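Once you've had a glance at the structure underneath, I'll fire off some questions.
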Amino acid sequence: MRYLPNSPAERDEMLRATGHDSIEGLFDQIPAALKTTGPLNLPGPLSEPEILEYFRHASQHSSRDYVSLLGAGAYSHYRPVAIDALLSRGEFFTAYTPYQAEIAQGTLQAMFEFQTLITQLTGMDVSNASLYDGSTAATEAVLMAMRITRRNRVVLARTLHPEYRQVLQTYVQHQGVELREVGYNSTGQMDLEQLEASLKTETAVVVIQSPNFFGCIERAEEIAKIVHKSGALLVVTITEPLSLAIVRPPADADIVCGEAQSFGVPVAYGGPYVGFLAAKSQFIRQMPGRLIGQTQDTEGRRGFVLTLATREQHIRREKATSNICTNQSLCALAATIYLSLLGKQGLKALAEQNLSKAAYAAAELRSVPGASLPFTAPGFNEFVVKAPAPVEELLVALRKEKIIGGLDLERFYPELKNHLLVCVTETVSKAPIDRMAAVYARLAVRSSEQDRQPDIVAAGRQSL
Amino acid sequence: MYPPELLYTKDHEWIRVDEEMGIIGITDHAQKELGDIVFVELPKAGEHVSAKEVFGSVESVKAVSEIFSPVTGEVTAANPKLHNTPELINTDPHGDAWLIKVHLADRRETESLMTADEYEAYIKEEKAH
Amino acid sequence: MENRNRTARPHVTRNEDLIFEQSSPGKTGVDLPPLDVPAASPDKLLGSDMYRSEIKGFPEVSETEVIRHFTRLSTWNYGVDTGLYPLGSCTMKYNPRVNEVVARLEGLATDHPFAPEGLTQGCLKILAETAKCLTEITGMDAVSLQPSAGAQGELTGILMIRACLADRGNPRRIVLIPDSAHGTNPASVNICGYEVRNLKSNARGCVDLDEMDRAMTEDVAGLMLTNPNTLGVFEEQIEEIARRVHAKGGLVYMDGANMNALVGVARPADFGVDVMHLNLHKTFTTPHGGGGPGSGPVAVKRLLEPYLPAPTIEESGDGTYRLNYDRPKSIGRVRAFYGNFGMAVRALAYIQANGAAGLRQTTLDAVLNANYVRSRLKDVYDLPYDAPSMHECVFSDRRQAARGVKTGDIAKRLIDYGFHPYTTSFPLIVSGALMIEPTESAGKAELDAFIEAMRSIALEVDEDPQFVQKAPYTTRVTRLDETAAARKPVLRWEPRS
């Protein structure tokens, strides 16, 4: 086996040093009845070329030849090659959590830079060194707000990523938490009247997403005023942080958290990603996850250490601020490299390209008779379109053009039948956008012809 | 070493009783065990504390220690200096680094506490184990 | 001589500035392709109140500087690729390069989680195949790859226990955890609404059956234990422990952090375990990455299968795979999408590379290595529990502490000898613990050098304890002031005003 460095002779020599006659002797403490008798039924052993062959074959059964207009919490952006070149350095990717600061300054300084970049982007005072992903970051933010306010009523925007809401529900199901949802209005943003009404009793926290699940940017400042009047905290979740290069950060929030996958982390069928959580400085000691702090060594040189560890599970055990141990350090490093490469001007220019592409696509689709954009609030690179034809047919037709046309929103919002969530990043060029619009137009014509002979099914569909 | 005018608990807190008022801190032994104190969490004035129950915590870099109240009563003040200079606990645990002042609900609760001599004997015995 | 030194400034590799401090306006590390649609005007589209014109303090550096910056930082790190990394309970083993290559293949690294199932059969097949292998390795009946890391696996497992007991009529109140457990165990249990009751270990460092019997009431939902435990000792009574927990209507959770001692040798399902998690970043060679990402799949017996997080991945009769969201008894989802897919790719590549025989040999080597280290150090370091070791051995600093040198000091001195330290001060049941897990990835020569270093440090402690207390001497920075860092936290760079 190529990963094992001991030769048979070395094994024998070592075994003798232990005082055992056979290697099995080392396992005597396992009762015989509990030992596996035959070999396990597993694939392999495979040589390296065989492994490559297996995964190359699997990778062919993928969407790699398609143009994807999917976003919804996972965004396709170009990843400069320097990222993988640097991540592949063994000193980075084969290191452990930097508990031994003297031989982990590389990871520690990079994570200190990550924390700084996140605070700069979000307008918060402090950031942790990453959490699992956006969904768990939102959940941790809620738990944190409940600790701070000592209240247990949680109000969620219905436009918070549906899967994030599901994760939160899983985590708080045994914590005596009352969850309440606030809907959206015709702009696609949170309904502020509903919000005010929902805050009448003691609420710990209100969670919104911006840009929200429909791609609409929320009025965070106004929402913060309403929320703070009730003594609750405001959590703003961000799944597409590239927006922060041109959209005002939600500096009035108490906690800003989200998903930084957009910054140089592959879409990779849903993970690994990189959650972040930033907050106002007065909440530092209630934050979950690892924090890197600046300090000095005995000679006065600047250095970095894991700090405020007493919040964490290995010290405070069941009273810890979170059960998290492993975070997403390497993905956070990817984000740090990505943001360093793009820099102030590059990130802004890229964000403007995303905005332009989405605006172009939205205008093209809106011009198709029967299609419309139901929500009026400003957005970034994602928007909702009401399909001019049954959404299933439309998606199938687009797939024939090698386009994945977006997310059928009915899956999460039954009231949005025939609505698609469409994301257009810089990776989508004009040609497929035009092809998509052409497919819309073709199906719209066919659909309107069918509509001239109204049937019961169509009528039923409209009443929904 | 241990001021004779104070009373002590088995959890290594001290209390200075003056009529209806009590001043509470942690002992020199406790601060030595913890090492460099980096943070102190205390109740606010007006909050209630109960005898033998946790009212706050002190933290070093790698440990958290809960602080138990020797008495029941209402907090009248928390030491404002400790927020920015928690290291006071290391330098003057029995004086400047008091934690909270409490209006006692029942003075008789202090009767079961240890004197300085008893406390010194107690920690010697604890060490031997 | 002194004057000369004063004029020569060391190269920045010795003292690399923060990326922000290297910034200068107008530099960039990327050039974007031209925009092929009309440029929108952001302030108009977003509205002037929403538009942001600048991110203050954001870096502006070239690609060349980025490469140099992070390359230099990397040289200040120690990784498994650098040498022996004997962190106990962390299983720092070699991370095969082919894993990294296959995880980055186009298609696997680029498929969107919401892409139609018909277009993501490759990813689904990998997830299904990985789950199948882990099912076989643990002997359990079903696996979910959704949990992001070990702690989330624990949470998932305990939530499933709770759901199952609730279905039986009473979720109960308490979970028993031995005092040798990882801190994540009690923290995870707490989120599930259970109270933690600690079980004192016996003289062997194992579960004390009498103590457990006293604690195991009808109010106890289950027992959460690590096997081999954090002392590296196999719980010989595991079957009996499980039998007694089951007799009282409780369930048994096994923390699989130490599976590197068992793969191919014994299967937790046979121990009476009802649910467990695995750490793909420990046992199955996915990289630790300086603290993550990990992956913490949960494996369950049939009785807990209905409660697995949704969606599950199922094979249809025609050889295709699909996501099944129709799971009415599921505890819900514990994260967005389907888990750390990229880690499943790597773990599967590792399992395939080894095959059944290779995995078994890996376990044998891991246990042999730990026992070799133990046998060659036990005359100089105190062995507080002399029960036989499996994949790791735990010493205490009792002899050295008498000279004022603690486990942390010995660990720092080890750095000067070119090794990463072992785990210090854990498990908590050993005062001044030195927890050593060499894994199978170290050959005899490397282990001999480590043993020699440890023995040499023991001599140094006898001769000059103060010298050891001030180690390390060879690193870029000396000991860092953690107290100052915690008292006045500086968690971000600020521009000089």
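Per-chain numbering from 1; labels A, B and C assigned in written order.
Here is the rule we use: contacts are C-beta pairs under 8 Å (C-beta built on N, C-alpha and C of every residue); 3 or more make two chains touch, one makes a residue touch a chain.
Because the structure is predicted, anything quoted here is derived from the model rather than measured.
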Chain adjacency by touch: line, ring, star, complete or other shape?
complete
Interface with more contacting C-beta pairs, comparing A-C to B-C:
A-C
Centre of all protein Cα atoms: which chain's centre is nearest to it?
C
Chain-centre distance (mean CA atoms) for subunit A and subunit B, in whole Å, is 46
Taking each chain's mean CA coordinate, subunit A and subunit C are separated, in whole Å, by 21
Rounded to a whole Å, what is the gap between the Cα centroids of subunit B and subunit C?
38
If you look at subunit A, which of its residues touch at least two other chains?
315-316
Where in subunit C do residues touch at least two different other chains?
482, 486
Where does subunit B touch two or more other chains at once, residue-wise?
39, 59-62
Note which residues of subunit B are touching subunit A in the complex, please.
39, 59-64
For a test of understanding, state which residues of subunit C touch subunit B in their complex under the given definition.
425, 482-483, 486-487
Partner subunit B, residues of subunit A touching it in the complex:
285, 309-310, 315-316
